[in-house]
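The next part holds the structures, each set out as structure tokens.
In what comes next, chain A is part of two complexes: it sits with chain B in the first one and with chain C in the second one.
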Partner chain A sequence: MMTTRVLAMSASAGVSRARWAWLAAGAVALLVWPLFVNEPFFLHIATLALLYTIGAASLHLVLRIGHLSLGHAAFLGLGGYTSALLTTALSWPFAAAFIASGLVPAVVALIVGPIVLRLRGVYFVLITFTFGEVVRLVFTEWQSLTGGADGIFRIPPPHALLASKRAYYYFALAMAVACVGVVARILASQTGRFIDAIREGERLAQSSGVPILRFKVMVFAIACGLVGLQGSLLAHFITFVAPGAYAFNESLNLLVMNVIGGMGSLTGPLVGAVFLTALPEFLRGWVELQRFLYGVVLIIVMLFVPGGLVELGRRTIALVREPEGRDA
Partner chain B sequence: MTALLDVSRLAKRFGAVQAVERLDFQVEPGEILGIIGPNGAGKTTAINLISGVIRPDSGRITFAGQDVTGMRPDLLVRRGVVRTFQATTIYQERTVRENVRRGAFTTAYRGFWSTFLGTAGARAAARRAGEAIDELLSWLGLSEVADAEARSLPYGFQKVLGLGIALAARPRLAMLDEPAAGLSHDEANHVAEVVRRINREDVSVIVVDHNMRFISTLCHRIVVLHHGAELATGTPQDVTRDPRVIEAYLGTQH
Partner chain C sequence: MSLLELDDVEVRYGSVRATHGISLRVEEAETVALVGSNGAGKSSTLKAIMGMAPVARGGVRLDGVPLNGLRPSQVVRRGVGYSPEGRRVFPMLSVLDNLRTGAFTLPRARFTARLEQVYAYFPRLKERPGQLAGSLSGGEQQMLAIARALMSCPRLFLLDEPSLGLAPVIVQRIGELITEIQRSEGLAVILAEQNALWAMRLAQRTAVIDLGRIQLEGPSEQLRHNEDVRRAYLGT
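Up next, the complex of A and B:
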């Protein structure tokens, strides 16, 4: 065990350089491919995937404080409806509506957070599930404001220049980098250190002076603000909002992205978001099969690779690099 | 000189059990106070009450001249009151250094925005905390294992690590719940040395234990608890000679 640790340490400098190389290669690929493949179908899926990395990363934040939310889509919806209403009914400029679409869910989270974040385990799961359903009911029933079950149509693009799929792809890319960057920065900062401390040992963290509830509420509000921004970007991309899009399914979707990708690090939800956005689109023809595959993949991951796709990838790389070093 | 900690008529009941009853004692600045008593005497409950983890039914706790009765634990830590736990309480899957860094919240953490933006102040605070922690690790005897995962350590080291997490908060009063329980003679001596050392650096200490020998060589004064109530208070010599103590506690132990 000691030797593996030493090996890991001597390799770490090289690993971080390799990591930067991978990041740079990835960035170039993300920027360049649409110049060669100007295919609306692929651009559409890629844009969706980018937008979902925001929501998945934001739910990752909530998971990191030790809470499993099944109501995250409610905040996605709050962002979407806010942006849709402000730009259509009130003709606000997109930039202002976009900011509001982050603020509204964040403020709602600041209000409900101090109540729900006191609950632990399954109680938190149940209350967030209920909250999600209540918000969906409000979207459906408050017809004069939300357009009821039909929702709101003809949401304008954020800017005339963003009317094309390719332009929106680049816009989504920039926004996803910014939002996921915020999450990454929080987790890498001192705040991230104490977020992990809270999850791993709440009582111990508290006895070191960490204000547990305040930390949780703050992180929860930031997460809900971020997923609200995704809601706005998504609404202006698909040009409509409707209650069905923010139902329990969608909350589960965001959660499954985290589970399948892996909950150990921020890479997990990013991989999960891309995987789970692309997979159903490519399986459009087999709707029945799609649900089935979805379930099978989820069960396999939970049973055999609790670290998700990220761990699967890591194991594969390790296996390729040193096939004999399997005793660790 | 006024007491650093003044506990007055503290009481706590759990259902039918009067865990702490009319407890009175003071901790003077610079003092090492022992609290001793058999299992179930109410020692841990007393620490829980003072550290704000549970609220007393009645009574008053004053720290540095201010009423802190029922104050939230994290706010008490800010004022300089920290505690350790009777059961080993560490971040199992983290390195020893990371464990202790997490203990330094009050000194290292400068708020969300300054850490998010990485301001000069936040970076300086983190760097200073890092240096202080290296020093702390070295005199706790944990430098050698600083990069090892906490769960891989032997029990004695884990116990010292728990102490290190508490001390990283730079307390004025440290309350240690059975810091030597289950330790070998040498390990217990090491813990006693650590306590004496922080005490020389002006930290007042409450040491809870049920081992009279450990407590009486380490502490300036001892409070003997019995069924939640104070049985006797005094110097180790006085207390060990007190007939009530001998009958109620030592008599049954030896």
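Up next, the complex of A and C:
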């Protein structure tokens, strides 16, 4: 039933049949390629990319309410540590730990949200940055619980059947579709329009009777819960958690995925997540230049295609369809 | 008991006093013009009612119940609609989504019926529900701004400078619409305007605001013909 509703909504938004055909083709490709390419390296990268689509899409939600968070990795870490501790120290089954890894960051977001979401612009950026660093310090310093700088090792796979890379890829694919689906559903719904209204005119939304702070806190908590789920899936995939993995550069990474991909729609962070997970791997050959090239790619995209890779794709398609490149 | 009562309301932004003690009564189904020059305190008075300006002293009551300390969303729920200054719409949202946002406090079951009622006042909007609000003409945007605020079915409607920056023919049309809506819905309206003569023609009663205080108040017809008022406040 949900699918038909989504379909109806998209149809009203003018989405063509061709687009659905492309989506279906993409889905088939995602499902089928591992049957032919059983290469652990590619499966590993693809799984990481899928997991990062969850975090990038969840940060997209925060950006859509008009807030730029530089502390999203803290919630990724809260999810990762929750799941790791519950499955190792307390031997919880994965399913229960997985749910907790979404709830813990969501509850933390419900507590800090009403305070930090009152702040706007650069103040919100700074406070989320600080919050991220505080959480990372807690991971490092609370050694009795978190294992300090070494972190927690030998995190079991979610299920004995998911021990292989290929099986985990399919698991990650299903989870990514579900989590990104939640984000897409929110954005396509009435709530999504209120989110856009808040971003476009906070005072005007307020005078329309929208309780903006409550709305923002709710969206923030959902976003933080989702990235917590990614934290859990990631922890069980790479089998360890450590504070360094949730440092500032990880928050920045999630943000850059949104910027590079494009912030106008949900497609942006998805494209950005895949691109930025794959990019460092392709630059492996030039290890000493990796960071530098990463920066160069970033600058080029921001300078020439501020709408991100999604805009680049759109321009390319337009160019192919109308080779003269006439301006409309 | 009046629908709305303002008692000695002082709005203060830090050390700057925007109003020095506004007292005003508005009865059910009555249109009151709040006229005065730029910076006289008209907008601050409306914001004080909405809970969007810091009230340092005095009280606002709706049906005798104090509104002080309520958030704007709660004030809207109690039946106050507000169309802020500057023809405010959500430019990147469609006409329909602007109206949906305005209906935030309205129960979903009543939305369609209300939308039809509001479309009846503004047929131009009905013709283009999918168009982005930012691409409408100035007059259409003002109509959408009014329509948006009406979606919540208010009993008291606060309109801030609806004539600002619009062509005379559009201003006249908007005046007709305000009268029509006021009559058919039995609304109480506060019309804050610099265009005093226009506002006074629409309102039964007028309050002249200057230097953060209400200087004069009475039936619009009387004030309109008062020579002193004309010279001091109406610029004629």
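The definition used in the following text is that the second predicted complex is superposed on the first by the 309 of 328 C-alpha atoms of A that agree within 3 Å, B and C clash if a C-alpha of one lies under 4 Å from a C-alpha of the other, contacts with A are read in each partner's own complex, and residues count from 1 in each chain.
Everything that follows uses one rule, which is that a contact is a pair of C-beta atoms (placed from the backbone, for glycine too) under 8 Å apart; a residue touches a chain by one contact, two chains touch by 3 or more.
Since we're looking at a predicted model, the values are computed, not measured.
Asks: In the superposed model on chain A, is it clash or fit for chain B and chain C?
Replies: clash
Asks: If you tally the residues of chain A touched by each partner, is the higher count for chain B or for chain C?
Replies: Between chain B and chain C, the winner on chain A residue contacts is B.
Asks: Tell me the contact category for A:L86 with respect to chain B and chain C: first, second, both or neither.
Replies: neither
Asks: Give one of first, second, both or neither to describe whether A:T191 is in contact with chain B, with chain C, with both, or with none.
Replies: The answer is first: A:T191 touches chain B but not chain C.
Asks: Could you look at A:L117 and tell me whether it touches chain B, chain C, both or neither (first, second, both, neither)?
Replies: A:L117 sits against neither chain B nor chain C.
Asks: Should A:G201 be classified as contacting the first partner (chain B), the second (chain C), both, or neither?
Replies: both
Asks: Figure out whether A:V210 sits in contact with chain B (first) or chain C (second), or with both, or with neither.
Replies: After superposition on chain A, A:V210 lies in contact with both partners, chain B and chain C.
Asks: Same chain A residues contacting chain B and chain C, which ones?
Replies: 190, 193-194, 197, 200-201, 203-212
Asks: Note which residues of chain C are touching chain A in the complex, please.
Replies: 50, 52, 71-73, 76-77, 82, 84, 88-93, 97-98, 100-102, 104-105, 148-149, 151-152
Asks: Considering only the defined contacts, which chain B positions touch chain A in the complex?
Replies: 51, 53, 72-75, 77-78, 82-85, 89-94, 98, 101-106, 108-110, 112, 115-116, 118, 122, 126, 147-148, 152, 165-166, 168-169
Asks: Mind pulling up the chain A residues that touch chain C in the complex?
Replies: 190, 193-194, 196-197, 200-201, 203-212
Asks: Going by the contact rule set out above, which residues of chain A touch chain B in the complex?
Replies: Touching chain B from chain A are residues 1, 5, 9, 185-186, 189-191, 193-194, 197, 200-201, 203-212, 218.
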